[in-house]
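Here is the structure we will look at.
Chain IDs A, B, C and D follow the sequence of writing; residue 1 opens each chain.
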Amino acid sequence: MTTVDAPDRLPDHRKLGMTDDEYQGVINILGREPLAAELAMYSVMWSEHCSYKSSRTHLGRFKSDQPWVVVGPGENAGVVDLGDGWLAALRIESHNHPSFVEPYQGAATGVGGILRDIFTMGARPIALWNALRFGPLDEPRNRYLFEGVVSGIAGYGNAVGVPTLGGEVEFADRFSKNPLVNVMALGILKRDQLVLSAASGVGNVAILLGAATGRDGIGGASILASAAFEEGDEEKRPNVQVGDPFEEKKLIEACLELFDRNLVVAIQDLGAAGISCATSEVAGSGGLGMDVDLDRVHLRESDMNPGEILMSESQERMLAVVTPENEAEVLAVAERWEIDASTIGTITTGPELVVYSGGEIVGDVPAASLADDAPRYDRPAERPDYLDEAWASEPHVLQSLDAAEVLRVLLDDPAIGDRTWISRQYDHMLFLNTVIEPGHDASLLRIKGTKKALAISTDGDSLRTYLDPRRGSARIVFESALNVAVTGATPYALVDNLNFGNPEVPGVMWQFIESVEGIAWACEALDVPVVGGNVSFYNQTDGVDIYPSPVVGMLGFCEPMPEQPPRLDRAEEGMTIWLVGQDAQGDFAASAYDRIINGALGGRPCDVDAETARRVVEAATTLAYETPVLHDISIGGLAVALAEVAIKSGVGFEIEGVSGPDLFDETPLRFIAVTYGDELPTNAPHREIGVVGGDALDFGDAGAIDVAEAANIWRNALPRRME
Amino acid sequence: MTIAVVVFPGTNCEHDIVHALELAGADTEMVWHRDTDLRGADGIVLPGGFAHGDYLRTGAIARFSPIMDDVVTLATEGTPTIGICNGFQILCEAGLLPGGLVANRDLKFICEPVHIRVESTDSVLTRAAEVGQVLRIPLNSYEGNYVADNIQRIEAEGDVILRYSGSGGEVDDGTNPNGSTNSIAGITNAARNVAGFMPHPERASEAILGSTDGMVLIESFLASAELARA
Amino acid sequence: MCEDGGILTYSFIVSIARKTGLSDPEGATTHKALTDLGFTGVSMVAFGRTISIDVEAMSQDEARSQVEAMCAKLLANPVMETYHIEPAS
Amino acid sequence: MCEDGGILTYSFIVSIARKTGLSDPEGATTHKALTDLGFTGVSMVAFGRTISIDVEAMSQDEARSQVEAMCAKLLANPVMETYHIEPAS
């Protein structure tokens, strides 16, 4: 074969984030030194971001073996069966480092990327969610990041025409230099539209669809996502990727038409590692090879070298594999939707991926080796020391607290206050599916033309997970399950996004493994399959690791949908208030009370048993069909949950027989039910705690506060900080 | 009777408006912007979305789409024509309605139900409503702030058909969500057959979505199309 | 400006401004933000857009009249905006 | 520029452009629209922004350095943009 670059002109593998051992691994595969373009391909494909080299060993712990799972982890998105030929596709992804470099574009391109993972499967994306972490809002820089990320999600999601139905956000010091931006998307499709990424059929052609390839993210946005940050790194960073939702919208419509008309054999989105990744994955996972001609790639800048073209992370591109007979028709569809398309490759028996440029071979590697032969590390893990001290301390709660005083402070917290400042920037109504909008425990979407509905909740709890990664992680699964259950849905499938610090730190690795264990165990307890996810390591800046931050997205499913699903604003004078689920167990570790009132973080979150979890979740799902208001008790405890119902319904209540501390206790797996009558049809533990009526949140002996005052504090928590 | 729903690249509310029109009993046909013929539709809808990404200026590029010649011809001949949100912006750019739309006062996208007060029933959009009636309909836009250099004339001639208001119909700065001049949410042309407005009636077309207040506008439009056909 | 058989490339910058009297939310918001940041001496902020255009033509005049036509037809909206064309340096 | 007890008003125009190499979807879409409208000689379209600012200061130099500070702090995004300050005529 011809070589274009002499070995002495090879870029240093270490500059591309590759260790000497990994480099040797490449040499072993090829039996020679890699060419420049080859090294470029291996360096991105073997980055932490693309290869999951530190996490893969542990992800096998997740189970996806329920009968309704159609596609589990490994494809672009997980797919589950909703009956009658309907399927749902879901996926979550992080865009943390790019959003720190440029919040608007980082978040916007994150949205674009997750959508491509969904429509690559043949599904029409119908909704988006996000999970965000920032430093405290009293810092101008954190406000700038928060504002930019929210408007980036809005700017892209709204324009591309996919509604954003919610999300969650936390603020804590450890995220100041490393905010988290996770985005999740849901799509629906009919079974015969499902498309996978493995190519078949020697002689089929690969067509690159969508945006022109430019120097976006060269030097590797994936490498950026695979290394810790240091102050002053700015100059080394790759180009900011600029999102183009208009291009993506056209790409969605064009691809869906291609699937509808059965014109493609396989398809793969171009995300991290661009053409290298897409070509090697479609060929490699089909056990085949591909000849790729870089001269045929439509470029934005004409003077790009082969390595740059292969590594470019330009957005809004897809690679479709089609039979030669269909090639002309596919190009015609692209033309009709006004997107560019070029045939760049041909499927071969392989197993090599052979890359040509200027008529010469610039790369010739076993296609599957880029993905399959990536290194795997079982990194050392060790329980970190901070836990001894944390567990030894005990959050202190005043027995005779004034609930009104505490509530005034809690309702003003940006993580508890009203999120309308965020959700009103997102189109959350498009497609006329939104039955329960953002601002409730979960959002609920109907599927028009059926009696089916889907509920989604995203949840994370970084501080509790910090105090006990296993219990904290299990609890976010239970919380998300209860969140979808109170809309009438049954927890059906989960995706997870594991945001952690530097995996080379044994304490971080321990947090990670514990967290995986907690999520996996909780999902098994509820028979919920894990159908996909994402791992984001190296969330470390200047040597400080973020709080361990697993985030889950729970899909709930119901059929039929309740005729009048419970809402927070349906409480009326004269209704009875019930507390359903576990009794308060004095659970104040990482509670809002301890964090905000005491300014402390310590103790050990209490454990949950699987039987209780199942029972309480089932009780909520059942009650949802006949109860006007159901609301999960989480951050801020019973008091905050009740306050939200009162504020949204515009009516007060009187509570009796709940002690001050119990009002703020955060014991999981509890919810409130508000309904007429003096019986609650459930066999889960429950007791009556009060009635709806009056103008005050009246906690009896623990104090009272006017609904209007509480509403005012709660509604202004974000606006007063942001405006 | 057939209602043509024009689809530009970047339009995204076409299926939603079709859903609402069909709930009200209409037959609809989606027409791609590269087509040149509306086939004598009885009414025309330019739906919401982001035609051409809203790049350059919202509505600016869409107005030159091939289909727009026939939209202008039919609208000028009297065919009931409405533009919702992005469709309103396109009608302004095309010169079928006066004025234009610029960024919201607080430079934020706004998606929320707002109250609008019916100012005039002399339009294809409001004929079945009552003057002073207050509707609760979602707004969903970044560029919903109406401006015009001939605002006095527009007001004097009664071209304003919808204004942002409070739930009791009060119109003031506090009930103006986006800074729109004189709280204008919708206007009509001199012939009263073309109307443009920012809120999305299709999003208030079923009780399960939270409101059915949009249906009076949709029904007005369909009644106008029926009349124009007769 | 590069030669290509009689045809040259001419570069222009089109500046587009909102008509005075019409609201300029970007300008107003930025003015407020600057004042909040302590730039209290700012008495006016107005936003505009620029579009840089390269056009191939037989002469500077021909090129300019093409850009003129682009502005009149598409680039500026006479209802809300004014524009100004300048050769780029 | 109007007098006010030693303090004068100075006007500037800040031109902000996207860094080269970054994609410019607005420019690309407008380029295509111009071509579709028959302006086939257009070879490049790039979008930028201008901000006109009036600032009160004791001298032109002081005014300019204030505008410089505004750019660095708020007006331009250094990750994606470059800027250029000019006195307005």
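Worth a mention:
FYI, contacts are C-beta pairs under 8 Å (C-beta built on N, C-alpha and C of every residue); 3 or more make two chains touch, one makes a residue touch a chain.
Just so you know, these numbers come straight off a predicted model, no measurement behind them.
Looking at chain A and chain C, the chains in contact with each of them are B, D.
Chain pair with the larger contact count among A-D and B-C is B-C, by C-beta pairs in contact.
With each centre defined as the average position of its C-alpha atoms, the distance from chain B to chain D rounds to 35 Å. With centres set at the average Cα position, the gap from chain C to chain D is 10 Å.
Annotation: 30 Å between the Cα-based centres of chain B and chain C. Multi-chain contact residues of chain B (touching two or more other chains) are listed as 52-53, 55-56, 61, 64.
In chain C, 74-75 are the positions where the chain touches two or more neighbouring chains simultaneously.
Across the assembly, chain A contributes residues 244, 246-247 that each touch 2 or more other chains.
The complete set of chain-chain contacts reads A-B, A-D, B-C, B-D, C-D.
Looking at the complex, you find that chain B touches chain A at residues 9-10, 12-13, 15-16, 19-20, 49-50, 52-55, 108-112, 138, 140, 142, 200, 202-203, 205-206, 208-210.
Those residues of chain A lying in contact with chain D across their complex are 101-102, 105, 211, 214-216, 234, 239-244, 246-247, 300-301, 314.
Residues 52-53, 55-56, 61, 64 of chain B are the ones touching chain D in the complex. The touching residues of chain C, counted against chain B in their complex, run 18-19, 21-26, 28-29, 74-75, 77, 79-80. Across the complex, chain B is touched by residues 25-26, 29-30, 33, 36-37 of chain D.
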